[in-house]
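My questions all concern the structure below.
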Amino acid sequence: MAVVKVIELIGASPNSWEEATRNAVAKAARTVRNIEGVELVGQTAVVEGGRITQYRADVKIAFVVEEVTEG
Amino acid sequence: MAVVKVIELIGASPNSWEEATRNAVAKAARTVRNIEGVELVGQTAVVEGGRITQYRADVKIAFVVEEVTEG
Amino acid sequence: MAVVKVIELIGASPNSWEEATRNAVAKAARTVRNIEGVELVGQTAVVEGGRITQYRADVKIAFVVEEVTEG
Amino acid sequence: MAVVKVIELIGASPNSWEEATRNAVAKAARTVRNIEGVELVGQTAVVEGGRITQYRADVKIAFVVEEVTEG
Amino acid sequence: MAVVKVIELIGASPNSWEEATRNAVAKAARTVRNIEGVELVGQTAVVEGGRITQYRADVKIAFVVEEVTEG
Amino acid sequence: MAVVKVIELIGASPNSWEEATRNAVAKAARTVRNIEGVELVGQTAVVEGGRITQYRADVKIAFVVEEVTEG
Amino acid sequence: MAVVKVIELIGASPNSWEEATRNAVAKAARTVRNIEGVELVGQTAVVEGGRITQYRADVKIAFVVEEVTEG
Amino acid sequence: MAVVKVIELIGASPNSWEEATRNAVAKAARTVRNIEGVELVGQTAVVEGGRITQYRADVKIAFVVEEVTEG
Amino acid sequence: MAVVKVIELIGASPNSWEEATRNAVAKAARTVRNIEGVELVGQTAVVEGGRITQYRADVKIAFVVEEVTEG
Amino acid sequence: MAVVKVIELIGASPNSWEEATRNAVAKAARTVRNIEGVELVGQTAVVEGGRITQYRADVKIAFVVEEVTEG
Amino acid sequence: MAVVKVIELIGASPNSWEEATRNAVAKAARTVRNIEGVELVGQTAVVEGGRITQYRADVKIAFVVEEVTEG
Amino acid sequence: MAVVKVIELIGASPNSWEEATRNAVAKAARTVRNIEGVELVGQTAVVEGGRITQYRADVKIAFVVEEVTEG
C-alpha cells in the first residue's frame, strides 16, 4: 500500500500565517509530488522596531511516496 | 447554576483559518443558542496540485445549556 | 459490547471545584442515564473586584449508551 | 461549506484495540451517517484475575453534518 | 551575556489572530524595548449573537533586558 | 483594544487548593487592578512528618492593562 | 548526595480531592519515611446513580531514599 | 479507603502490542495481586534486518494495595 | 560517533495498526539501511460506509547514518 | 501566607546549558531577592558556520514576593 | 519474554544535570541489576543566595526484571 | 521568501548532552549548509554495568533551503 512521508518546514511571510504556510507548501511542491495535506504545528513572528516583520509557520507536510529517499 | 457544554467541530474555508472558524460557528449557531466562545485546537489544510485548496479549523465551541441533550 | 460516550461540560460553583464538578454531573444526570465517571480536565475561576466569584470545572463525563444519538 | 463534527466514544473488545475501535465505529454508524475517520486517543484494558478481559479504545469519530444537533 | 525576558499577553482584534497579535506587540512596544519575537500559544474567539466579535491571541513576547525588573 | 497580561504565581494554604488559589489572587489584587480570571496550572503539596502541611496552587492570573510595565 | 524516589498512587475519598490526596499520603507514610512532597497529576470521580460517590486523586509522591529498593 | 498503586512496565512480543501488553500484565500478576487495569502509554518496535522483531508496550499497571511497599 | 536520523512516515493497512507499521518499515527498508527502531506516534483509521477500510500508523523511524543526506 | 512569583527568562552561554541557566539566575538575582529555584523548560542552541556558538536555556525562576509588582 | 520495569528517581549534584543523572543511576545500581537506560524527564535547580547550589535531574530508569517486586 | 527545513537527529557522546548535540550538528554540517539553530527535544542515556556509557541527544536541526530535496 502507499506510504506517506511527513517533513517539517518553516515558511515565512510579511503578511499572515496563511501566506507563510502557502509559501512553505509552494516551495515543497517544486520538488515533491503528491502533497496531500499540511498541519500547522507552530506559529511565531519576528519583531523589529516594535513591529512584526515576518510571520513564521512551522508546518508538517504529508505526501505519498513511491520510495523513501533519505537513506 | 448554568452549565456550559463544549462540542468539537471542524470548519473549512478556501481562504483562511479565521473564515474556517467562522463557518463552524455559523453552522453551530443555526441550531445552538447561547454560544459564548470558541477555542482553536487544530489547524490543517488540504493540498491539491501543489496548492492549498481548503483551510480546516478544528474548534471547540462552548455554549450555555438549559438541559444536557445527548443521552 | 457496550459503548461509552464522552461529553465535555463546564460546571460552575461559588465555593469549590468539587461543587462545580458535582453541578456539571447533576445537570447531565437529569437527561443522561448510566453515567460511570468524570474526569477533571481544566480548572479556572472568575475574579471580580479582586475576589473569586466562581470556580469553573471543565469535565469529561462518560456514560454507557444504547445508541449514539447526535447524528 | 461542509462542517465536520467530532464525538468521543470508548469502544470495548475482549480481543484487541482494533476490534474495540471497530465496535465504537459500528455503534456510531447505526445512527450517524457520513463518518469520515477515527482517531485513537487512548488505549486501556480491564484486568480481572491477572488477565486482560477487555481492551478499551478511546476514539474520536469525525463525520460530516448537515446541521449541528445537540443544542 | 544578554538575557531575554518572556512575558505573556492576550491581544484582541475584531478581524483576525494576526491583528490580535500585532495589537499585543504594539502595546508591549510602547514600554518595552528590544522585542525580538513572539510565539502564539493560544487562539480563542468571543462569540455574541452567533457571530465572532473578537479574536484573542495568547502570545509570549521575548525581549532583551538590561536588568530584570519585577522584583 | 484592551490587552490582557498573564502572570504566574504560586499561592499556598494549609487547607485546600481553593484557598491557595484565593491567597494568590488576594496578593495580586493588592497591586493589580482589573483581574479577570485565573487558571490553575499545577497542584502540589508539601509533606512533613507524613502529613500535608501546605497545599500549593500554581496559577496564571489574567488582568487588563493600560500599559505593559515590565520593560 | 541524597536521591529522591517518586512513586505514583491513586487515593480516594467520598468528599474531596484534597482528602483523596491526604489518604494516599497517609497510606504511603505508614511504610515510607521522609516524604517531601506530592504532585497531583490526575483528578477523576466515580459516579453512581447520577451522583459522585468517590473522588480519586492520582498523585506522585516523592521521598528521600537511602537505598533504591525495587530490584 | 483503598489506595491504588501504579507501576510502569515495558512488555515485549514478536507479534503485537496487545500481546506485549498481556506479557507485561502476566509478569506483574505473578507477584502483584488485585490488578485493576492497565493503560498503554507508549508503543515502539525493534527493527532488525529491515523487519520488526519485537513490539514493545510501555504500560502503566494499577493495583489495589494493602500497604505501600517500596520504602 | 554514529548519528541516528529520525524520519516520519504514515503506513496503511486494511487489517491492523501493527501491519500498517510493518508496511511503513518495509517501505523504508527498501532504501534505508540500519533501521534500529520505530515509535508509533499516531493511530487513525479511514471509515467508508460505516466500516473501517484502512488503519493508518504515524511512525517515527530511526536509523544510523553515515552522512546526513537531505541538504 | 507567602506567595511565590514565577518569571520566564532565556539565558545564554557559549559553553553549556548549565552556564546559560546560571547566567539567567545571576541576572535575575541582581534585582530579585528570595529566588527559590529554577525549572528548565526549553533548550536550544544557535549555530553559525556549522558550529554551536550559543546555548540558550529557557528557564522559569520562582521567588517569594512581598508584593506582586507588575500591575 | 523479558519485561522491563521503569522507576522514577531524582538525582542531585552541585555541578551539572549530567552528574545529577549519574548520581541517580549509581544509587539505583547498588540494588538494581540490568539497568538498560535512563530518560531525563525534568530538570530543575535549587537557588540559594542568588546562586544555584544544586542541579536536580528527574529521571526514569529502565531495567530488566525477573520478577516484578513491589506488590 | 526563504524556507527553513527541520530534520531530527540523535547525537551521542560519552561525556555530556552538550557534546552529543554538537556531534549531531557536526555530522549534519558536513552535508547541510546554512544551519541556523537546534532544539533539544529529548535526552536519554545508555547504561552498561551500572554506569552511563553514552549520552544521547534527540535534536531538531533547522536550516535554510534553496530547494526541498526529499521527494
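A few points about this structure:
To keep things simple, chains are lettered A, B, C, D, E, F, G, H, I, J, K and L as they appear, and every chain counts its residues starting from 1.
Everything below uses one rule, namely that a contact is a pair of C-beta atoms (placed from the backbone, for glycine too) under 8 Å apart; a residue touches a chain by one contact, two chains touch by 3 or more.
These figures come from a predicted structure and were not determined experimentally.
The chains that touch chain E as well as chain G are F. Shared contact partners of chain F and chain J, listed by label: E. Relative to the C-alpha centre of chain E, the farthest chain centre belongs to H.
In terms of C-beta pairs in contact, G-H outnumbers the other of G-H and H-I. Here the C-alpha atoms of chain I line up with those of chain L after a rotation of 120°, rounded in steps of 5.
At the chain A-chain B interface, residue numbers used by both copies make up under half of all numbers present, so the two copies contact each other through mostly different positions. In terms of their C-alpha centroids, the spacing between chain F and chain G amounts to 24 Å. Per-chain Cα centroids separate chain A from chain G by 44 Å. If you average the Cα atoms of chain C and of chain I, the two centres end up 38 Å apart.
Chain contacts: chain K has residues 5, 7, 16-17, 65, 69-70 touching two or more partner chains.
Chain contacts in this assembly follow no simple pattern; the graph is neither a line, a ring, a star nor complete.
Inter-chain contacts, as defined above, occur between A-B, A-E, A-I, A-L, B-C, B-D, B-E, C-D, C-F, C-G, D-H, D-I, E-F, E-J, F-G, F-J, G-H, G-K, H-I, H-K, I-L, J-K, J-L, K-L. Considering their complex, residues 16-18, 21-22, 25-26, 29, 35-40, 61 of chain C touch chain G.
Contact residues on chain K toward chain J in their complex (touch as defined above): 15-17, 42-47, 50-52, 55. Those residues of chain G lying in contact with chain K across their complex are 1-7, 60, 62, 65, 67-71. Remark: chain J residues 5, 7-13, 23-24, 27-28, 30-33, 54, 58, 63, 65, 69-70 touch chain E in the complex.
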